[in-house]
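Next up: some structures, all given as structure tokens.
Shared between the two complexes below is chain A, which pairs with chain B and chain C, respectively.
On to the complex of A and B.
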């Protein structure tokens, strides 16, 4: 029917970026399973996938009662040794039975939630991307716990260089005429509706996680620039407040680095409107200009002092 | 210039899952505990006498099922060296083989139960199979489980439903909460609630329960386990004499050089009815083990390519004869 997921993204609770080998340890959530690491163009480490069993109501826009039984796939990722994610998704499939089956049936189809009762894909998609209803499938809580699992690792020093809120991206993917709709809700909540050609593959999840990473980077850089109160505070102070962005965020922008070829047009269309990279570049330029101006001011002040 | 199509790969970014050779069925001819050993060789002869006709039946059933009648059947025997250490391989193994031969049975593979917990040797390194399976448990969720809270767990236990609420007296009210029954999640009419102890710990040492190790043993025989993508504990032929210590024995020994592969699409265990509760517990555990997707696919693809249709759920690939 459709696939839905939620990605939570946050700053890794560590003073500096962590090494590839630490990433492997932090993300080693399962005995006998390796952490996958890619190094080009940015170090990206992905934990093995774990399942969580659910048997509950599914969110519907019409508020009709629809039951889903099955497993949620979750995983954690660390990008650039700095950005942590907890990500979960389910594939909704209409159940062939009208009752709950033995659990082994559901474990034979990992990541599938079977839908019991009459349900329309559109109703479920609207319900999931709309206001969350209590008692309904809560992928956000599952993803949040997986992100907590990473953040609680004893290998991290829990001294993050700045405080920045987590963001959540709730997404729904369907097969059909290609389209993408990215919506900002509150400060931290985003939704994504994606219609892709051909059947669902995990590459779609990679795309959603990549978008979530970059949306978080952009959101965080905006927050840091806002906090610096450029123009409203002395230059040196503003420059100091911008320093964490230079130290920890600015090198992480690598849009679509891990996205499969056939899905890159979706990124490209978001680059046209609203233009993530355009906004990122303008922010980065602003940060650099501020720092450069402050450096100049410092230089001339030192020169002034030398002349005296 | 025409555009150049670049391909870039990183080995560490890919998942590689080894495949394992598979028989059609793996038949467990027996499982030897200390009490059986103490009962003497007659107990063993009696076991093999009862097993022999069932092995013949399974062979002929698979010959009918497999195109061309080339059924691959392998036999195995498990010795408990985990819960109690008795005898030595040098003394015990020849005795077992002799008793089996009296009933024209060939034991293809001999395995040590302790290897289902953990095993370490120069060839395979260290493998903690029990931990590996524990990490793959996905609890059977009671209705109304929406993911908002972590699964309710009693550490070291696994059940097939919702436990009874605690009946401790409520302090403020001074009343005792009336007993409420536990419930099986996938009940049909009435519940058969099963709660299985997976392990216990005395100090730093964890002891895995017999059903848990038996579940690991079934998964190993079904070829569904991988450790870092490798097949754990591949059978090894023994060089030289039987050792005088169990630790000198490989985890799974290939006794018959012509044997069909150790792991199989399905398993059959011929057991005394006294193992019925253990096997119920094993099935309760196995129905909550999430086998790797890729491994499941490998096995299905292989079986379909040779015209064998496998049961989808792994508990349905396991069968028993209780005699």
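On to the complex of A and C.
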């Protein structure tokens, strides 16, 4: 019917970025299974997948009661040794039975949640991306807990260079005429509606996680620039407040780096509107200009002092 | 930084002082939040002038969250939701000011289970990622709530935390404040039982004196010489008593003068109250401002 997921993204709770080998250890949630690491163009580490059994109501826009039984797939990721994610998704499939089957049936279909009773895909999609209904399947809670697992790793020193909120991206993917809609809700909540050609593959999840990473980067850089109060405080103070962005965020922008070829048109469409990279570049330029101007001011002040 | 606010008795000024510290810390440019864990009497909403949660919230309060009745507790953005005009716009340079209200009519925690501690750990860990300062109003006296945060902080060894013990400047309050820290089933006793190192924990505890009337205060100008002499003698006696009970100057982080506004109403003291309407004393605002700085100033927290 459709696939829905939620990605939570936050700053890894460590003073500096962590190495590839530390990434492997932090994400090795399950012994015996390996962490997948890709190195180019940025180090990206992905934990083994874990399943969570669910038997609960599914959110619907019409508030009609629909039951879902099956398993949620979850995983964690660390990008550039700096950005941490918890990510979960389910594939909704109409149940062939009209009652719950033995667990072995669901375990044989990892990541599938079977829908019992009458339900329209559109109703479920709207319900999932709308206001969260209490007591219904809550993928955000699962993803949040996976992100907690990473952040609580004893290998991290918990002395992050700045305080910054997590963001959540709730997404729904369906097969059909290609389209993509990215929406900002509150300061920390985003939704994504995606219609892709051909059947669902896990590459769609990679795309959503990549978008979530970049949306978090952009959101966080905006917060840091706002905190610096450029123009409202002395230049040196503003420059000092911008420094963490230079040290920890600005080199991480690699849109669509891990996105399969057939999905890149979706990224390109978001680059046209709302224009992620355009906004990122303008912010980065602003940060660099501020820091450069402050350095110039310092230099001329030192030269002045030397002449006197 | 997590800061736990406690007092031996109710009515000491824990909530009024804690909320004013958080407010001042936000004005100093930090992102802050205030968690109302005083489940018997969640009054923080009223102090921030958010009438919708004046006595706590009916849904998604901290009590509901800890009992597992909602996935996340409600957050109130004070700059957006306060009814007080002077608070309803974020001043330039100020950080976020967020209140997590308690549950209306929630009652004290009745038991400390592993699930409740786990939820507390999850909540504090996540808030620490995004806020420079989280002040937790732990309620008065020995309670499950105090045990809860002692148990939770053992499980988060890398997250910095501190305790503030509020007390009034009287014989009974000084003795009680000491008892709450060092007495049987006090903070050190229970903390050690849960796995804290007693010396380390001791170094993380400081006292705050509330509603202090200094013998040379302006309020006392009309007094007779005999009365002033008597007050002076009382004050030095209390100083001596406080020293003996380990509540003296070295263990004190700050003191808040008695303020006429706070005597009449539980509220935030804004600069407007001091400068424009002139109803509050400048010394009170300065004392809150000073505490808001000292709370994160490591030199004020060096070993005793």
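Everything that follows uses one rule, which is that the second predicted complex is superposed on the first by the 308 of 308 C-alpha atoms of A that agree within 3 Å, B and C clash if a C-alpha of one lies under 4 Å from a C-alpha of the other, contacts with A are read in each partner's own complex, and residues count from 1 in each chain.
The definition used in the following text is that a residue touches a chain if its C-beta (ideal position, glycine included) is under 8 Å from a C-beta of that chain, and two chains touch if they have at least 3 such contacts.
A quick note: this is a predicted structure, and the numbers were derived from the prediction, not measured.
The partner of chain A that touches more of its residues, comparing chain B with chain C, is B. In the superposed model, A:166 lies in contact with chain C only, and not with chain B.
Contact with chain B, but none with chain C, is seen for A:34 once the two complexes are overlaid on the shared chain. Contacts of A:156 after superposition: chain C is touched, whereas chain B is not reached.
In the overlay built on the shared chain, the residue A:141 is in contact with chain B and with chain C.
When the two complexes are overlaid on their common chain A, residue A:11 makes contact with chain C while staying clear of chain B.
Legend: residue contacts after superposition of the two complexes on their common chain; A:71 is shown touching chain B, with no touch to chain C.
Shared-chain residue A:232: touches chain C; no touch with chain B. Counting contacts as defined above, chain A residues 138, 141, 145 meet chain B in one complex and chain C in the other. Partner chain B is touched in their complex by these residues of chain A: 29-34, 36-40, 44, 51-57, 69, 71-72, 88, 100-105, 107-108, 110-111, 135-139, 141-142, 145.
Residues of chain A touching chain C in their complex: 10-11, 13, 134, 138, 140-141, 144-145, 148, 151-152, 156-160, 163-166, 227, 229, 232-233. The touching residues of chain B, when paired with chain A in their complex, are 8, 10, 12-15, 127-128, 131-132, 134-136, 138-151, 160, 185-186, 225-229, 232, 286-291, 293, 296, 312-316. By the touch criterion given at the top, residues 29, 31, 70-71, 92-93, 95, 122, 125-126, 128-132, 156, 158-159 of chain C touch chain A in their complex.
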